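Here's the structure we're looking at; comments come further down.
Letters are used for the chains, namely A, B and C, taken in the order the chains are written, and counting of residues starts over at 1 for each.
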């Protein structure tokens, strides 16, 4: 079996395993997997604009929230099926991302990052003012235990996100993104249409959280500004992607799974201090492995595998035969 | 020959597979001990996060009850055991933990978490597993109008919170009222109920505006209130905004004749953090240590001795919830969740809060009433209703120092 | 009557601006010299406030008495922070910005956890200097006024420092042109450390004063970081006069919009203004156009 076949077999097994989870009938395990899938998916979404394009954002929760609210409003006011509403949310956020990206992506580095944060905060406050969002009261969706449906939805979105990232990782678009991450001005002079490229990345990074947010609303059956526009969720997403390795294909996956595990273990063992340990971990990892876990591990393994340099042929032995 | 670009993928895939395997192993680990002799009651509480302050007191109430009852032999001759997880004030976390309690830990009974946002998600679990859930920390009526059958409000509902402050205003001939509060679900519901009840009492609502959560400035709203010049300021406020608004009103040089903060001013910490200006402030509580209700004196004494600090009304609410559950289990004679559910929907049970009784269709509390408290000389006393009042309300309100 | 009200709103706005400015000043120094946005800034302010609240309640020590010690402690923390965590940054500008942002993000997370572990999630405050002076029918809140005065004082000192002392000039040079400054023999590393020393020292001072104005708990920090950064952007990077001016304007906006509009809009002002400035006048009010 070639390496490639082995890789694909493993992925297939993982996929089958993930799909089989609801059949255990255990709601708890399902919710664990759902949460992991959700955060991993969010990390993938974040990874495109922040990892590949290099535009760190602290406000992707905006699209997550909008997605959640569209599903909430759609299912209660228009009695539409929730997944349809979630799809609408994806389209809506994609459309929204165009003007928003065009405006905000003019900003660089920390300005963009915090600008997006400011946007998310403004949205949270203005939700109180818009009547059909239910304001601070929130919206109660039809009650139900929707774990299984939402899990499959989230899994599908996660797989979509992984496939998308895999494509970007290898194609010209991804190359352009990385070019503008390295040096935007240089990329521009080399003929990369930086504006279009980064807005496209921004759109992709908007669709994924929107779809996931839609599922989240159906999962909780209740939306209200604080739990939906949650800085907690945003911070965790960012931390996961960082730990795993920003701008890589498997970074968000490793970061997502690893962090969910660590998070669970820490909060059970150290309920009062787990945040502290967590933050220290993030800092330590950033200092020790600035590119994240995946690239570092990959480098190490590649380094070990390098074949010994062949002896350079001694010049004396080279004869010029005439 | 393996191309360099292939190698990383393979490696990363193995890494990911290993991690996924860890995930499954962790989840499958601990397939749950058999139920055995103790009666296990499961719940999640906000030990960390936004609701941690109140959540902490609420948990103590549960813990003390179990401690006390086990000394008396438990329920049905079996010891009680509490299984608590931290939901970090997050609905999704609570949803996961409750399913863990049921599926993994095989708890016999469940009781509710803190806040309506968290409960809204978890009520679905109660319904799915057909396990009745008393909610002693949810006073909004909205979560109970969804047609779910296994959730019961175990504390006084939000509309009750303001009755006393309005009655006091009316009794003292105050005519104009300013209504304000934080624009989040629970205070908003209280504020709406305040406006309604004020009008019904024949008083004038001359100002009605809420401020956002986490506001960095209260001077604007304080100025507006000052300009409206009401007799009474009735505010549906949590702790930090109660402090913020109180200070802003003082700094604006406005002295209302009556100053009321629905929730925030009842915290034992309020006086500590605010100082003497808190004297005269009215607030709501669903309980008081002096109430002559079922087992209250013993509760206060025992709790204080055990934790070396007095209980607050959150502790009392949770303790009372277990009193109700005890009545159900005792009457039914076994851990039969369906029969317990029916009991909870239809019975009256005396507790330290008063008399528990809910609407059988919605689960909304009908029996419990709220008390109006006032800080006097650094202590919080019940001043309304008369049947429970320890002291008369001191009016009009005065600032301690200007 | 109406004039008195407007004057009151102006006073309230300016005083609020003073509070904002105090929070922003430290962040501005750090950002100006090192281009690092200290995401942990608000958290450090809150931590100081929490300490003040504990000292006040346990030992009756007022925040003003704590202030000098707090500043010294803050300076120490700032120095240690820069030396240990932010020293070894990659040379590449964009990556350095990203990495430092993420590091301070991690530090912020850590501090939230630390504060929660020590102080719990309970809301705290300090009930000292909570009243106001009444001068000619206008009320001036005491604690806020002190914050305002301190902000002005510090900004003035910084301005003098930067203009007239060799260290100050070196600091300014380092913030304007790193390579040029290095070429002039200025120890850039030392300047970076100095900016953190000063920056966190001022954050500690801010924390002492804010402890009397707000009720806060470990989760409140990020709010202040964002507002502080809004002011830095609004005023212009590296311009301390700009910070004070920007803060005053923002304070006035919050005060007037909150009164004549509603408090939700008032609360949104810092974020809205922030985004507008970023998009349409990125150099801020008094900043020079970014090179």
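Criterion: contacts are C-beta pairs under 8 Å (C-beta built on N, C-alpha and C of every residue); 3 or more make two chains touch, one makes a residue touch a chain.
As the structure is a computational prediction, the values presented were derived from the model and not from experiment.
Using the average of C-alpha coordinates as each chain's centre, B ends up farthest from chain C.
Of the two chain pairs shown, A-B and A-C, the one joined by more C-beta contacts is A-B. Centroid to centroid, with C-alpha atoms defining each point, chain A and chain B lie 35 Å apart.
Between the Cα centres of chain A and chain C there is a gap of 32 Å. Counting only residues that touch two or more partner chains, chain C has 116, 264, 267, 270. The residues of chain B that reach two or more other chains are 48-50, 183, 210, 212, listed in rising order. With touch defined as above, residues shared between interfaces to two or more other chains in chain A number as follows: 125, 128, 272, 275. Note for the complex: chain A touches chain C at residues 54, 56, 103-104, 106-107, 109-111, 113-115, 117-119, 121-122, 125-126, 128-129, 181-183, 231, 235, 238-239, 242, 272-280, 282-283, 286-287, 290. Against chain A, the residues of chain B that register as touching in their complex are 2, 4, 6-17, 19-20, 22-24, 26-28, 47-50, 86, 88, 90-92, 95-96, 99-100, 102-104, 117, 120-121, 123-125, 127-128, 142-143, 145-148, 183-185, 188-189, 210, 212-213.
Across the interface of their complex, chain B is touched by residues 3-4, 6-7, 10-11, 13-14, 17-18, 26-33, 35-36, 125, 128, 135-138, 140, 142-146, 216, 219-222, 224-227, 230, 232, 249-250, 253-254, 257-258, 260-261, 264-265, 267, 271-272, 275, 294, 297-298, 301-302, 305 of chain A.
The touching residues of chain B, counted against chain C in their complex, run 48-50, 52-53, 56, 183, 209-212, 214-217, 219-221, 223-224, 227, 239-241, 243-244, 247, 250-253, 269, 272-277, 399, 401-402.
Within the complex formed with chain A, the residues of chain C that make contact are 37, 85, 88, 90, 94, 97-99, 101-103, 105-114, 116-117, 222, 226, 229-230, 233, 264-265, 267-268, 270-272, 274-275, 278-279, 282.
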